[in-house]
Amino acid sequence: MTETSTTETTTRPGRERGREDGKFGRYGGQYVPEALMPAIEELTDAYRRYVLGNEDGFMDEFRERLADFGGRPTPLQRAGRLSERYGREVYLKREDLLHGGAHKLNNALGQVLLAKYMGKERIIAETGAGQHGTATAMAAAHLDMPCTIYMGERDINRQRPNVFRMKLNGSDVKPVTAGRGTLKEAISETMRDWAATVEDTHYVIGSVVGPHPFPVMVRDFQAVISEEAREQAIGKAGDLPTDVIACAGGGSNTMGSFAAFVDDGSVALHAVEAGGSTLEVDEAAGVAPNSASLYAGEEGVLHGARTKLLQDSHGQIMESHSISSGLDYAGVGPELAYLVDEGRVTPVAVDDDAALEGFHRLSRTEGIIPALETAHAFGFLEEHADELGDRVVVTVSGRGDKDLESVIEETDKRDIAGAPDMSMFTGGI
Amino acid sequence: MTETSTTETTTRPGRERGREDGKFGRYGGQYVPEALMPAIEELTDAYRRYVLGNEDGFMDEFRERLADFGGRPTPLQRAGRLSERYGREVYLKREDLLHGGAHKLNNALGQVLLAKYMGKERIIAETGAGQHGTATAMAAAHLDMPCTIYMGERDINRQRPNVFRMKLNGSDVKPVTAGRGTLKEAISETMRDWAATVEDTHYVIGSVVGPHPFPVMVRDFQAVISEEAREQAIGKAGDLPTDVIACAGGGSNTMGSFAAFVDDGSVALHAVEAGGSTLEVDEAAGVAPNSASLYAGEEGVLHGARTKLLQDSHGQIMESHSISSGLDYAGVGPELAYLVDEGRVTPVAVDDDAALEGFHRLSRTEGIIPALETAHAFGFLEEHADELGDRVVVTVSGRGDKDLESVIEETDKRDIAGAPDMSMFTGGI
Amino acid sequence: MPGDEERATTDDAAPKTGNSATIAAAFADGPAYVPYLAVGDPDYESSLAYVEALDRGGADVIELGLPFSEPIAEGPTIQGAVVRALEGGMTPDRFFAFVEELDVDAPLVCMTYYNLIYQWGDSDGPRSFVERAAEVGLQGLVVPDLPAEEADPLREACDEFGLDLVFIVAPTTEGERLERIMEQVSGYVYVQARLGTTGAKSDVSDRTTESLDRLRGYDVPKAVGFGISTGEHAERIVAGGADGIIVGSALVDIVADGVENDRPTAAVAERLEALSRELKAGAERGFAARTADAAPGDAR
Amino acid sequence: MPGDEERATTDDAAPKTGNSATIAAAFADGPAYVPYLAVGDPDYESSLAYVEALDRGGADVIELGLPFSEPIAEGPTIQGAVVRALEGGMTPDRFFAFVEELDVDAPLVCMTYYNLIYQWGDSDGPRSFVERAAEVGLQGLVVPDLPAEEADPLREACDEFGLDLVFIVAPTTEGERLERIMEQVSGYVYVQARLGTTGAKSDVSDRTTESLDRLRGYDVPKAVGFGISTGEHAERIVAGGADGIIVGSALVDIVADGVENDRPTAAVAERLEALSRELKAGAERGFAARTADAAPGDAR
């Protein structure tokens, strides 16, 4: 254990934070157009009653559906070959095995079910990598709710199989052409839809971002990851892990992986962000060639919350970049921003190259093809294993099937040890 | 309950059948080149010791890895919307949630682990849909075994993402150009490799086919499906199911889904085969436009076993056909052939159209995108629900991500109610 | 619309003035025409000409959009304007320079998102932005993503520098929330005519009437926006009780048309002026109708 | 190779005859050259000419392949021949007609897979196939996917109709398995020179020698196949103790070359005959060397 062991002084109680007022120190809040405020108040009320209060047995039904439809609990697997490679016990929390192929279903199922309890008649959602969109589309089909998904046009082109899957599930996928056509624009567009349809529509935000109560609610739905992992680690390793590593885009995987450990001062929490091609920023072009908002961002207000952002000196939001669409977001959940300021969570950035190597390494040595988002966590593990403790948990936030096209294209540009020959696939798969 | 309730007279004991001599009535046996016989005897011995005898704790390690790496147990989910549609309780056995996306891992992991226990240094396997290949490649990476996968060239083109996944896991994928380039040819080719390398190589057969001990061994590895489902059904429904429905290619999903129920005379067992475009056969061309070997095949010897086959009047093996590569095989497991002759298992054929409709129906109404193989079971459910009992278990043998290209192509040719507009995808995804 | 008695009670409560005397004056005699344009759309120079055309067309207050990269409250039309302005190089600094350079009579209100206000200057927080806004002569602010709950720091700065802080009231805003907003608002209240984002729509919804009814008891001018594009709309809205009309997308459409068809700046400015005259005239007709309707003693 | 003493013991045990006297005779004096071709490759007529060329080239026994759609024991070369023959319309009926029409001296052995034998005729089981085989004059069968354990029905039919049933012994065949096979075999035993499937390889493995050593105690002719393609191979194999050589892929290669390069049937037949002569001569040189090596009294 290393520099992060100094975090034992962390504030408590982790799970209550933000539930009442949506504030995490200076972060959080409800910065939304007035038209949305009544809906947000209604949602806050529903969150308190159903999620916190288990009214009408909401949480029981949620947990049951997560188990039966979603496939929970997911395993905590000891990774034999990685453990050997790094000389410490490496455990994988297998969210890639969740229905739909990523942790995203935990939240999507929770929110779609909540919308049903609230009597809403329609679901909308934004999506970046398509993982939240597919999770929402699956949950909506499962619960018989009409669903519209907004997705940036560029992301649509990067993630066509996911677009097709959403449509197969009966969702309407609306392309967003504004800006660079990625997640940021899709969120804005979904908010616009919501502003017009707020009375009968629930907006299923895909991460621990947005106005209160979304950050706490999404965290509470995703917390099942660390609740399980904590128990499983104690069962398997006889002790708490020394480190938990999770990739962070908006931060739902991270908060879900950390939530149950926040009060365990001995557990170091590593939030791995997309370092993109470099951490340098092109102010003039308004482009950050990374998505490291915790590591390199500054305080500001975006999409309903005060948090850490990639922004220029004027406060304009930057275009973020990452090899993985799901991390390609200029903001991050306010609670994470807070935990980083408090020193409880260590933000780290892993660049595209290291993430891609992590992708190939996990595929080859453990027989698990991770999402490119997830691969960043394994990039961190490779680069910093020596600094970690004896029992490391890495959350495999999703599987990589959605990323095959990107992997081919990006691998073909580079020289990656152990990667298969791409020549057969460069024409497309 | 209907005509199938007459099967209560079935022979016992189900699970012991074939274990000693590899014979299922007139079916089974070991019809292989002499060069393979020593390996097959060695394997038979290993099967007895490790699988049946749990020597060195083999079965314990197998079950542990299936849980941690594979994600077992998989849920038995009540399908709310289908239950409503058909006026009976429909439960889904969710093998699509298994690591790799299909039931195939149960067997692949078992065999690769067994090969390790046997001291083998290399793994070979054939694959049709690519599901067995990807499962084997994942298991081989997980257990650090070099692996070569043979795959028909036509299947390679139908299942490119799976080819890529195998390569990502470090497997060598060898295209088989003989014949029509499908599963049948890939099996022959793998047998050829094995004949040359038998001393240090284990051949991981992908279904309950081939010479003894493969049919019993693969069944025993896959039986975990029905072992779990039986317990889960009793737990959830308070009773045994009235019907179990599973699609059958080689029959590993079917035998896995049926094994624990074979001795429960009250449970009707439906093996759903690919009816292709028609059950008519073109003798002159040697082509069966279906893969319904249980339903329409005749006794013969293929790939090491006596079983039911699609063959012409001379005994030449026909080219089978199905919309789903994984069912596209001219033979079937000998135990299934036996159980059909005994009247214990009812074979049914579902054609391409009905399977494709089943695919779209499940995607849209339950939020589960099934493999095209699996979709045949839902085609049967739609066509025959009225004849079934009150509690129906359908095995979702795999997820459909691998089939998106085929679904686009095949849906575009047809007019399927409720299917999304394909125009955006016909150029490829 | 409810009975005359109810209307009569509100007409008694004359709109109260806020920090800015000029804004108060704009609503004091007759209905206010409040046009909006995004500053810098499609470039600095044209934008100057366009805003001045609004003024010539009879604007009583002008809302100047300071473009933000994530305009979540705007519909596609204004979003397009914002993108053009940002591509044209608009920044908060240039925005302030623009305001200084502008030669118009109407008081000016800046419409922007909170992050730009928060980030401006060397220290975090809204104060330095407001200080600079006051320096260049802005009279008020509208911040669509800043709810009343989070508005205290900005409210204080506005009070310190004499700016009005305009809030938006949606058709869904009622009860406690409405009160909280009405405590914070000054200058005028922006009554959102319908749900959704900005954008020209062709009719006036019942919800506008309901909103105005809910606001009747508050003595602050009520300017209705969202979806007004013709003199006739303006007339109906003002006849229905609005103290002013806010028009954005219909004007931005003219700018967008100019860009698409490469029209000379002067021609676009002329059309903006003409539509402004139409809208203003419509508002005045509506006001006249309302005054005639009401008891003679009630007319302002 | 182990010492001379061991070899001497086997040389005592002269190969026993099986059901077929002609096959026994083929191995009786000197080494047997046993060529293989797939019948109907690439068409019926050429195939007739090719098989007759083998006979002219000195074949002692000829193995005639009846093509099966799944030839799992064959390598790519013979697999290619099988595919060509099937595409050329070869069926079991035509195969029997072919055998009847054939004008050769050497005894003929049919090599095919069990499913074709099992399916032939009206009733299941191998008997009717063997009956028909006997009728057309075939002297034996080789069925690579039929292990000794499953061979009883075919064995009985062969005994009934006087055909030999040849079995393959692999380098890995030992102990109990070997005994079981040697109980079933008649005519000659097919000694697989190396692991794998059929196909021309350039050297003779140590494993051949080991196999021959293992078989020394059994009084049945040992014909070695898999990988023999030149007179020199044949010489070495026979010198090493084989009673015969089986050659398939090297001959099929000539047929394939003829198809690829569109060569006249006669030219291909000539090359087949020439290679046969070379192989036969090689085998005889090997035999002479072995006989010279051994004690004069041992020479057969």
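Per-chain residue numbering starts at 1, and chain names A, B, C and D are given in the order in which the chains are listed.
Just so it is clear, a contact is a pair of C-beta atoms (placed from the backbone, for glycine too) under 8 Å apart; a residue touches a chain by one contact, two chains touch by 3 or more.
Predicted, not measured: the structure shown is a model, and the values here were computed from it.
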item	value
Any chain that touches chain C and chain B	A
Whole-Å separation of chain centres (CA-atom averages), chain B against chain D	38
Distance from chain B to chain A - Cα centre to Cα centre, in angstrom	35
Rounded Å distance between chain A and chain D, as computed from the means of their C-alpha atoms	67
Gap in Å, rounded to a whole number, between the CA centres of chain D and chain C	98
Category of the chain touch graph - line, ring, star, complete, other	line
Chain B residues touching chain D - in the complex, by the definition given at the top	29-35, 37-39, 41, 178-179, 184, 188, 191-192, 195-199, 286, 299-304, 309, 311, 313-317
Residues of chain A defined as touching chain B within the complex	67-69, 71, 74-78, 80-81, 94, 96-99, 101, 137-142, 144, 160-161, 163-165, 167-170, 360, 363-369, 400-401, 404, 407-408, 418, 420-421, 424-425, 428-429
Residue numbers on chain D that touch chain B, as the complex places them	68-75, 79, 83, 86, 91-93, 113-120, 124, 144-147, 149-150, 167-174, 177, 181, 192, 195-197
